[in-house]
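Take a look at the structure set out below.
Chain IDs A, B and C follow the sequence of writing; residue 1 opens each chain.
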Amino acid sequence: MIRFTDVVVRYPNGTVGLDGIDLTIRDGEFVVVVGLSGAGKSTLVRTINGLVPVTSGELAVGESRVDGAGKRALRDLRARVGMIFQSFNLVTRTTVLKNVLVGRLHSTPTLLTLLGVARKADVEIAFQALERVGIVEKAYTRASQLSGGQQQRVAIARVLAQQPEVILADEPVASLDPPTANLVMRDLQRINRELGITTIVNLHFLDLARAYGQRIIGMRGGRIVFDGPPEEADDAVFAQIYGRSLTADDILPDTPVELGPTAT
Amino acid sequence: MTAPVAVRPPKPRPALGMWSLLAASVVITIVAGSAIDFDLLPLFSDTTRGWFIVSQFFAPDWSYLGRTVAPLLDTLAIAVVATAFGCVLALGAAMLASRITTRNGAIYRTSKAVLSVLRSLPDVVWGMLFVAFVGVGALAGMLALVAFNVGIIAKLTAETIDAVDPGPLEAADAAGANSVQRARVAVVPQILPNFASYSLYVFELNVRASVVLGFVGAGGIGTQIAVELARFNYDNLSAIIVVLFVVVFAIDQISGVLRRRLAS
Amino acid sequence: MTAPSPVVRPRRPGKLRYVALQLAVLAVIAVCLTSLDANWSRLLDAPAAAWTYGTLMVRGVLQNPFAEPHLDYWLTSFELMGQSIAMAWVGTVIAAILSFPLGFLAASNTAPRWIVLPVRQLLNAIRAIPDVILVIVVMVPVFGLGPMSGALALGVGSVGTLGKLASEAIEGIQPGPVEAVRASGARPVQVIRWGVIPQVLPEIVAFWLYRFEVNIRAGAILGVVGAGGIGAYIGRAFDSRDWDRIGIALLVIVVVTMLVDAISGLVRHRIIAGPVARAAQLERVVG
């Protein structure tokens, strides 16, 4: 369970990222956060694993407190929380397998890492993660040779290799074309259902949010302005979140609207 | 109403920077020229004696070539070992001297300062120092070159580290890796081609440096050159020079090819 | 959609070649290590010696600089270091002037192939001659001992590297502006003057400054064989084991070199940043 209690994030230059957030996310939920750029959705997601420090308030992931956590505690927390990024953040010069093994670093002795050696058990976990996202045949391919969608799936495999309790996704599909974006969202949804891992995704494409989210959180100006199931999030609600009426930029180009939680 | 007449902007003052630089350069050149008693006259007058000596250098004693092999191999061996050890030390030093891999401000600044000092001493001065510490011979040459190399490689590598893509580092952090693991997994693969290129560059420098190091007693072909020069054996000397030239030229070409391959 | 049929895991591609390469490199290093007739036992003496002499040097530096003989040490060190810098400057100027046209002659987009190839090899040949050899073989016999020889050796020796770097910069320019100038009917020299030079000049001047920094160190080295500058002075200091003098001279070398490096680095960055930096300055003035 992830619990925010009056969390405020103020950046060094003065801007307020989060302005008093109270939020509880239960285990196994699939949450989608939407809002304008700068509304705080990226900040919200990044405070959960401590990439953005909390200025005041309490933030707890399970039993561990994230606010004010020391370096050791943060590393332990991040071992249990996986994250995928908009730009995939793979090491392009190395193989897919080595990238996935990054997810096992938290339990690998530093000496083995320095020597570039991976334990058999870790390699097995990595392979299983690759199989789960359906890309195992590329295990020894250089990451730079993969397409965007494939790279993101490798990133998902990297997160799965951590065997995390929570998966965070910061704009995971913003760099992908519409069909691939749907595939990736479907993968995330499937993993959430099959493995029961709490998943929090940060999106700005509204149709994807409605199609895949189990719970939608709308943010504006660092505050939560909407929190409910996708059925309640109609266009009027979105207009309220975005402070303007919707434009074509807010939905994926030529998306079939029939796509919904029932499609697999 | 007639269209308003456009006012021509006043001609901007000429870029001060460029011309003042040029003026400063000319002044410095004049000052420097007089400081060294710049005088091209000897080139045209009283050339007989000078050119006589020069011509003696162009009559190599080819039978001497056999005796250059051993010292030349020594020089190459010293260069190889010094480059190897220099690289290993420099990699660690570079990590300390880059903000990306060292978060502790004090360590970072101290490392940069130490490396700056290391780089300010010419290789021959290092040679003299180590001859004083460990006596004449190849050991002094090796240690001197290692000290000389670390400064150069570490600075170049630190600059490369500063320019890496921060994405994979963020991913490693988010997966719970510690600083060392992060450097090994996300930084090293990105800097490896450049690092190899710097190593080759420094190897070339080492071979050239051996000539002067020999003069201060630090072994290699330089010692032989110093000896033959002192004995005025210009024919032997020119044989050595020819061989040295061929070797350095060959290394230049090979290294150029290798570095182009690395860049791809 | 049902789960896809199980995919066979790929076999690990042969690591043999990679491992063999690593072993070969290690073997070469090991062979080199063992072949050297080095007095390895002295290695253990090094830290202690370094400490001893290091403290001697520091003590020498801290002695009253206004009293003899240390006053003389400081003054001579600075004077000779200044000479080294003057040597390096003059040498770099000579090299810049000589290498500038050669750079154009060695670039495939500004000179025909039958010129480019021999010029390139000429530059490579010059690069392969160590400065010290130039000094001993040519400069000292003709110009005698002293900084003039050093400056010329540095100058001629640097032509190779600067010429090569210049030609690489010229080959790396964008063809667009050059075509535009040519299309307006300019003669080849004008094309170079207005299409090529504005693009490469900042980069080439930056190379010149960098080479200046390198030549300061090279100048000290040449001094050891008598070509002026601080090299001979520090060589004599080491010969006579005068650690006071050594300490002072080393400190002067380090401080002056770092100072010149810093200034040169600043100028280099301003040049490369060029238009951006000037625009920012203008903005601050105009408001």
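FYI, contacts are C-beta pairs under 8 Å (C-beta built on N, C-alpha and C of every residue); 3 or more make two chains touch, one makes a residue touch a chain.
Bear in mind that the values here come from a model prediction, so they are computed numbers and not experimental data.
Trainee: Considering only which chains touch which, how would you classify the arrangement: line, ring, star, complete or other?
Mentor: Basically all the chains touch each other, so complete.
Trainee: Please give the pair of chains with the highest number of C-beta contact pairs.
Mentor: B-C
Trainee: Round to the nearest whole Å and give the separation of the Cα centres of chain A and chain C.
Mentor: Centre-to-centre distance between chain A and chain C: 48 Å.
Trainee: Let me have the rounded angstrom distance from the C-alpha centre of chain B over to the C-alpha centre of chain C, please.
Mentor: Inter-chain centre distance comes to 6 Å.
Trainee: Flag every residue of chain B that touches chain C in the complex, lowest number first.
Mentor: Going through chain B, the ones touching chain C are 15, 17, 21, 25, 28-29, 31-33, 35-39, 42-43, 47, 49-54, 57, 73-74, 76-78, 80-81, 84, 116-117, 120-125, 128-135, 137-139, 142-143, 208, 211-212, 215-216, 219, 229, 238, 241, 244-245, 248-249, 252-253.
Trainee: If we count contacts the way the header does, which residues on chain B are in touch with chain A in the complex?
Mentor: Residues 167-168, 170-178, 180-181, 184-186, 189-190, 192 of chain B touch chain A in their complex.
Trainee: Please give the residue numbers of chain C that touch chain A in the complex, ascending.
Mentor: 1, 4, 6-10, 12-13
Trainee: Which positions of chain A touch chain B when the two form their complex?
Mentor: So the residues of chain A in touch with chain B come to 49, 51, 75-79, 81-83, 85, 87-91, 93-94, 98, 102-103, 105-106, 108, 110, 113-114, 116, 155, 158-159, 162, 168.
Trainee: If you look only at chain C, which of its residues touch chain B in the complex?
Mentor: Interface residues on chain C, with respect to chain B: 28-29, 31-33, 35-40, 42-43, 45-46, 49-50, 53, 82-83, 85-87, 89-90, 93, 124-125, 127-130, 132-133, 136-138, 141-144, 146-148, 150-151, 217-218, 220-221, 224-225, 228, 231, 234-235, 238, 241, 250, 253-254, 257-258, 261, 267, 270-271, 278.
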